[in-house]
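Pasting in a structure now, in structure tokens, and then I'll have a few things to ask.
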Amino acid sequence: MKPIVPISKFKEGDSIQGFYLCVEKHLRHTRSGDLYLDLILRDRTGQVQGKIWEKVSDFNEKFSSGDAVAIKGEVDIFMDRPQLTVKRINKATVQNYARYGFDPALVVPTANADPNKMWKEITTLIGKIKNPFLKKLCHQIYRVNKDKLMTHPASVSMHHNYRSGFLEHILSMAKMAVRLGPHYRLDTDLVLTGVLLHDIGKLHEIESDYEASFTKEGNLIGHIVIGRDMARATAKTIKKFPKNLLLKVEHIILSHQGKYEWQSPKKPAFKEALLVHLIDVMDSQMNIMDMAMEDDPEKGPFTNRHNYFRIPLFKGENGTE
Amino acid sequence: MKPIVPISKFKEGDSIQGFYLCVEKHLRHTRSGDLYLDLILRDRTGQVQGKIWEKVSDFNEKFSSGDAVAIKGEVDIFMDRPQLTVKRINKATVQNYARYGFDPALVVPTANADPNKMWKEITTLIGKIKNPFLKKLCHQIYRVNKDKLMTHPASVSMHHNYRSGFLEHILSMAKMAVRLGPHYRLDTDLVLTGVLLHDIGKLHEIESDYEASFTKEGNLIGHIVIGRDMARATAKTIKKFPKNLLLKVEHIILSHQGKYEWQSPKKPAFKEALLVHLIDVMDSQMNIMDMAMEDDPEKGPFTNRHNYFRIPLFKGENGTE
Amino acid sequence: MKPIVPISKFKEGDSIQGFYLCVEKHLRHTRSGDLYLDLILRDRTGQVQGKIWEKVSDFNEKFSSGDAVAIKGEVDIFMDRPQLTVKRINKATVQNYARYGFDPALVVPTANADPNKMWKEITTLIGKIKNPFLKKLCHQIYRVNKDKLMTHPASVSMHHNYRSGFLEHILSMAKMAVRLGPHYRLDTDLVLTGVLLHDIGKLHEIESDYEASFTKEGNLIGHIVIGRDMARATAKTIKKFPKNLLLKVEHIILSHQGKYEWQSPKKPAFKEALLVHLIDVMDSQMNIMDMAMEDDPEKGPFTNRHNYFRIPLFKGENGTE
Amino acid sequence: MKPIVPISKFKEGDSIQGFYLCVEKHLRHTRSGDLYLDLILRDRTGQVQGKIWEKVSDFNEKFSSGDAVAIKGEVDIFMDRPQLTVKRINKATVQNYARYGFDPALVVPTANADPNKMWKEITTLIGKIKNPFLKKLCHQIYRVNKDKLMTHPASVSMHHNYRSGFLEHILSMAKMAVRLGPHYRLDTDLVLTGVLLHDIGKLHEIESDYEASFTKEGNLIGHIVIGRDMARATAKTIKKFPKNLLLKVEHIILSHQGKYEWQSPKKPAFKEALLVHLIDVMDSQMNIMDMAMEDDPEKGPFTNRHNYFRIPLFKGENGTE
Amino acid sequence: MKPIVPISKFKEGDSIQGFYLCVEKHLRHTRSGDLYLDLILRDRTGQVQGKIWEKVSDFNEKFSSGDAVAIKGEVDIFMDRPQLTVKRINKATVQNYARYGFDPALVVPTANADPNKMWKEITTLIGKIKNPFLKKLCHQIYRVNKDKLMTHPASVSMHHNYRSGFLEHILSMAKMAVRLGPHYRLDTDLVLTGVLLHDIGKLHEIESDYEASFTKEGNLIGHIVIGRDMARATAKTIKKFPKNLLLKVEHIILSHQGKYEWQSPKKPAFKEALLVHLIDVMDSQMNIMDMAMEDDPEKGPFTNRHNYFRIPLFKGENGTE
Amino acid sequence: MKPIVPISKFKEGDSIQGFYLCVEKHLRHTRSGDLYLDLILRDRTGQVQGKIWEKVSDFNEKFSSGDAVAIKGEVDIFMDRPQLTVKRINKATVQNYARYGFDPALVVPTANADPNKMWKEITTLIGKIKNPFLKKLCHQIYRVNKDKLMTHPASVSMHHNYRSGFLEHILSMAKMAVRLGPHYRLDTDLVLTGVLLHDIGKLHEIESDYEASFTKEGNLIGHIVIGRDMARATAKTIKKFPKNLLLKVEHIILSHQGKYEWQSPKKPAFKEALLVHLIDVMDSQMNIMDMAMEDDPEKGPFTNRHNYFRIPLFKGENGTE
């Protein structure tokens, strides 16, 4: 079996095969009137233009824009940039192509850690919650939504905006919660629950196949209110869930953005709520700086200013000398 | 039956009787060690200090701070200001004192219009909604909450913050809705429903006996989210309530403040939602200016700057000459 | 007479004729040294490149950039996009080309309603003003400026920025004024006058042939102050115009933007002024959302975020299901 | 003739006479029912309470709150603070009391420099304007308004808010204008004219007898627009005043606050306008810091933070050691 | 030895002795002309007025405003409030009065934890820094400033503004640093150093005897720049301190406030700097909410809005029921 | 010797020679696989693309991106724009090419005035400082840094961002300082010193060969703190430099930006500091408007809005008619 060639390795004249995400597909006419397909393909390593000159209508039916595709083709140079002339193409799904090496993680950016391992760590943390109501609440919500949780990004574009970014963000925060809850002598069960559920509405706010986008509920209601609905609806199914405790959980979710300008209808009004907000800010900002440094195209020790922080970030030379 | 004397009419040496709101009550010792009750009393016309020197412990049990009270007493002058020496005092309720002329409207500021008349006008407008789902939704919510609706203020301190202010604000907005909906060729039923329900969460956000204050749910969840819950819960009891229509109603309630800084988690995303927000702004601002002019203590044609608008408002001389 | 072909209907190989707005015109040399004219043409339906290869210097004298032009030509495809090879071209004016079907409304966006009808509605409303001074004031200003008023846009780029947009905006506001004035028990004559005159300075702030732009007075003085000058100068010609009334009209014009940041040197200081400002905000915002939805290129139920409101707007699916 | 005693020199038991500003006057009853007059008196050096126990109704007619008064009386101590028992009192005007030493500058804060000297300096500067139109414009406006100009403050409360503060501010700015105009190679005549006229509307915005307050025109129109009217009206009386030049003068006045938030409807759009604005900012801020240091009650080297700059200002020890 | 009576326990008629902070002292005359001393006294539990009627000039020399004082006296009631008639008074210092039970912690608010224990914990953490340069840097700065560090507050008024508040804040942050450094895979030595030194300039910015106030350097230079000077000056005394490493430490100190508006001349430009800032925000905000809840005078479950967060904070009823 | 041809004079077919700044240089392959060099060249008059088709590897070693280069070549037209085919190219330095007419001022924008003359004027002003400590301080810092001072820009992109812009900005400010210091009766020596040193840190913040960029110290520490270090270090070498005086100089430097948002860690706290800030604002803004007008590409009397002031600037027609 031939090796899979990532876009960043394309060289003029190569015959390649591999899996890519088709982000644009247009049926066009050449000047001589023939049909062809004009594609933009992407994977974790880069982006390239593709053209299909032959069997155009056959191939046109095999895949849509937004699909992962399996491709055989040849690399040309057009206008000083590589371009892929596609010879064979088909929609790639895990069902059909896993045995040929297809993994969605090839075509979209993905969390570094293994989602299964992260899932296990999170469920272990849930298992340690002592308050039986909060433990049940978290367990049920996570269990019911496991499928989505395994691959969901944490946001469309701001931070942890990649496959399994949601799990990565939650796990990082949860680990902090179990340290910082006792540090500040708070109800750690409540802090941890707040962390686990604060963004849970994103499962319905964001539609995430390969490319994340907002759902209708996301646009009109928003993840803050949706998430608090989820917590509330589940708590109602748990017998004798204390009313005051639920109110606190709801408040933590509603206030976790911390500022009205960031669309929280309430600001944190007790310490557990404040801590969940502050942990969220910390983990998001650390991740945003991480990504800003990784994505930066500059060669020197500093990034340019086109990042969240609007300053040149110091990527460093070599640490402590 | 002796006449009821409002505080603004108190004169030195008068023997008076009337109904007042007791806003502060403190049990104190005179220098000689005797107990006395130190009161602050208020009605629609002003405020006065009161003292009870006799039968202190008996009277002390008859009423609490926050109660409306029936009083007989005498007016002195102390430190150049009137003071009431209370001879008899009792808690005033509609049950016991209505026949003596007690009406809560005597002791707290109240909307000008009659609440019963406003209620009737609003229910007439609800009756004209053509969409059967929206009509049922509004009818049920208003019917169930009628008691509170009759006396609730529209806010704790900003606008229409007086007895039956809620009704007054909604009725004014509703009348505009039925004009402006067609003017902009919108779904007037939806605009009217939005107007009727946008602030409905205030019934649970604000606790309003004589003095309005925030409830626990008000502080931790807020009227925007509570109101949307009420609409949603009621809609779920109406058979085949269209999903998209409910989503629109929910969005109108969530976005009616119009700005994130004003605690709306969403900004209006379609025209009916935008219009509800704009009508709300218009009616609130007109009312705020109205009250700012009425409350102003200055004598000249202009108010001072200590108002919402931070400018001297022109109260006018006589119109058009 | 051949039909007029709008740009959106251009197809390769067509011979067309029609009226377009020439928004750019450049005289250039081909590689072989020959002169040609490079044009950008626009109408209500779209935009296209044009070339004139023959009789270049003759045609060059017949029209300028900014003119409406009458064209005969042929549609080619260049770089996958239509391009018009112009065979004949001439400046189009209502005088010369009306009989061939020329109407400025063909080449620039225009209000939906008929300007003549709107004019009539507005003058009817002016006729109903009871205060003789205000009626005279409005009549005179509108009469003197009728020509401009018929076609002026309400702004260069924000709202109602199309032919006769000024009339459309004023008429919409005036209709609200006559409803809302009585609703708030205000001097409706004054509100209506405020509405009619608040933006009157735009007649001199904006130069509007086919494309609107700012005049020197517009840039250095601005429509707010210019408009107040117009009201003042006209009032001085009306015998015994009450001094206080004029002061109020001036204040309404100066304060109608409502906020200092929006270039109003004063904020509304009485209720008629506040209402004019609020009606203006309402009508502008409703129009801005209207246009944002119409101009949006997205296919789904939501617009993109590149609009005044910075959120995805819900264009809807089908109403209430 | 006995000496005039300033309030800061009042000592218990003194018999004094002097001139003071009566800032409050109330007719009251003693506990025994007798009438007395309760006064607050102020001069450049401080403030004191006054009481009139005798011939109350006679004296009551001799002066009003807001008047300067001539007083004879005796100093007591009441509640640990000096209090003046007034024996004789009369309204003080320059006409009647100048020969006894009355000067308005005794009772209100006044510019350090002599207004006559400042006037002369300013007219000399006007005399040096080369452009005949601008020279005439400034001369006429200053000549017509000379009386007011001699005593007007530059603002109600911000900077140069004392008698003849207007002249002081303008003269300081004018001296800078004739230096900085050539420094930046600008039209110095225009800069100087801008400086002389930028705040001229304050003559009608502020009513200033002893205490400055806003006029009706000031509140509803504002000094920026009023000032530009004055320049415009005067220019219209000067034959062949160049249209463009007038436009520039108007723009300088309208834009001199520099920011929309500071109520300028325009921002400076050419260099002379920008410089007038910057000179104004410089002179105002220097004066505000000056006054903040002088008014500060703290003993140490730093003021408190309750000043325009919101920081502790360094009043210094002794300069350079 | 008689017990020490805190101010909150004062009752009419008590003879008391104790240690208090004299926050105001004024020499005054009675109406009869005798001298007396008027005092305001404070301790951890409250505040009271004091009077010295006898041996006034003797006692006047024994202490100053700002001193801790040892007092014997008697409690009266004046105007319904307790007042202390002082019989004997002397300045209290640890040298002279420790054996009578004097401890500065009696008269000013103090951190809960023992400063000696906190000191030990911090030096232990310093001992674990692996980078020899950073370890030496921290050790030297802490050793040299030990005396001040033991009692310094962390700020004048915002957070940890009590005796030993600096140590408390630093220790809390340092414990987080050693957890969160590895959590984010950063240079933990650098994060810990940043935490230890970020506020070190406060030792010279704030003068703290019993009441904290700003020094001249504090007002004119500020703790951010002073602290960075201290780090720099000490590093220069350490042989071969790596230049780049010092630059990073300096940047962390300069950027730790995180925002320009909070007086940081730089924003965090690498991850260790960002984390120090975020830990600082977290610890400060948690402390501010803590104090806001403790200081709140309201009786119900919510505080009033007069706190840093401008919302009612939920002090809670009993947790989870 | 052939004349030097500026880019703005390039015409098709010309053989030219001259000095240009190479701002981009890329080694590329033609479709046929041959190497060529793709250049972007700039001088004071414009920008042009350049190609080197021959002796590619030889020439490639002779210069780098960022160098000034001496070129012989021929002008073609490509895609309707001039393009330079380079025949000979070499790095241009003052050492080697001055005799052929090379001057860095040819290839980068440069102050109008002669740096040597400006230097002399500044040193004359320093010579007039009376305070011996301040005079020595300024002399030493200027003498040591003379080389950099002669060519440094005043900023990377905001104002005076051209060769010798630093000198130009300082000289303009210094001339104002000696006028305005006495005008406001301040310590003019201190104002002048503040002006001379306020931006001195820019010598180390900005790296300026032909194109200015930020240094590592610039990014991590910033010119404000660096400049104050320079003043401080130099003052320490001057015997008996008064401590308080140094503190003032340091404060002036730290506070000269005037606002926290502009990265000043302190705001001006005394009058000399305030005046230095205000002079800086004035000179920067005047320069920014100057450049905005010069750089504007519009033909009419107004610039477009894409400038610092966000308004159309009035470039004028002809002055006063």
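Just so it is clear, A, B, C, D, E and F label the chains in written order, and each chain counts residues from 1 on its own.
As a working rule, a contact is a pair of C-beta atoms (placed from the backbone, for glycine too) under 8 Å apart; a residue touches a chain by one contact, two chains touch by 3 or more.
This structure is a prediction, so every number in the text was calculated from the model and none was measured.
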- prompt: What chains do subunit B and subunit E have as common neighbours?
  reply: A, D
- prompt: Could you state the distance in Å from the CA-based centre of subunit D to that of subunit E?
  reply: 45
- prompt: Hey, how far is the Cα centre of subunit A from the one of subunit D, in Å?
  reply: 64
Subunit F, residues touching no fewer than two other chains: 216, 219-220, 251, 266, 269, 302, 311-312, 314
- line: Pairs of chains in contact here are A-B, A-C, A-E, A-F, B-C, B-D, B-E, C-D, C-F, D-E, D-F, E-F
Field: In the complex, subunit A residues that touch subunit C
entry: 28, 31, 214, 216, 219-220
Message: If we count contacts the way the header does, which residues on subunit A are in touch with subunit B in the complex?
response: 216-217, 219-222, 224-225, 228, 247-248, 250-251, 254, 260-266, 269
Statement: Seen from subunit A, its contact residues with subunit F in the complex are 77, 80, 301-302, 311-312, 314
Task: Note which residues of subunit A are touching subunit E in the complex, please.
output: 131, 133, 172, 175-176, 179-180, 183-184, 187, 242, 244-245, 251, 266-271, 274-275, 278-279, 281-282, 285-286, 289-290, 302, 309, 311-317, 319-321
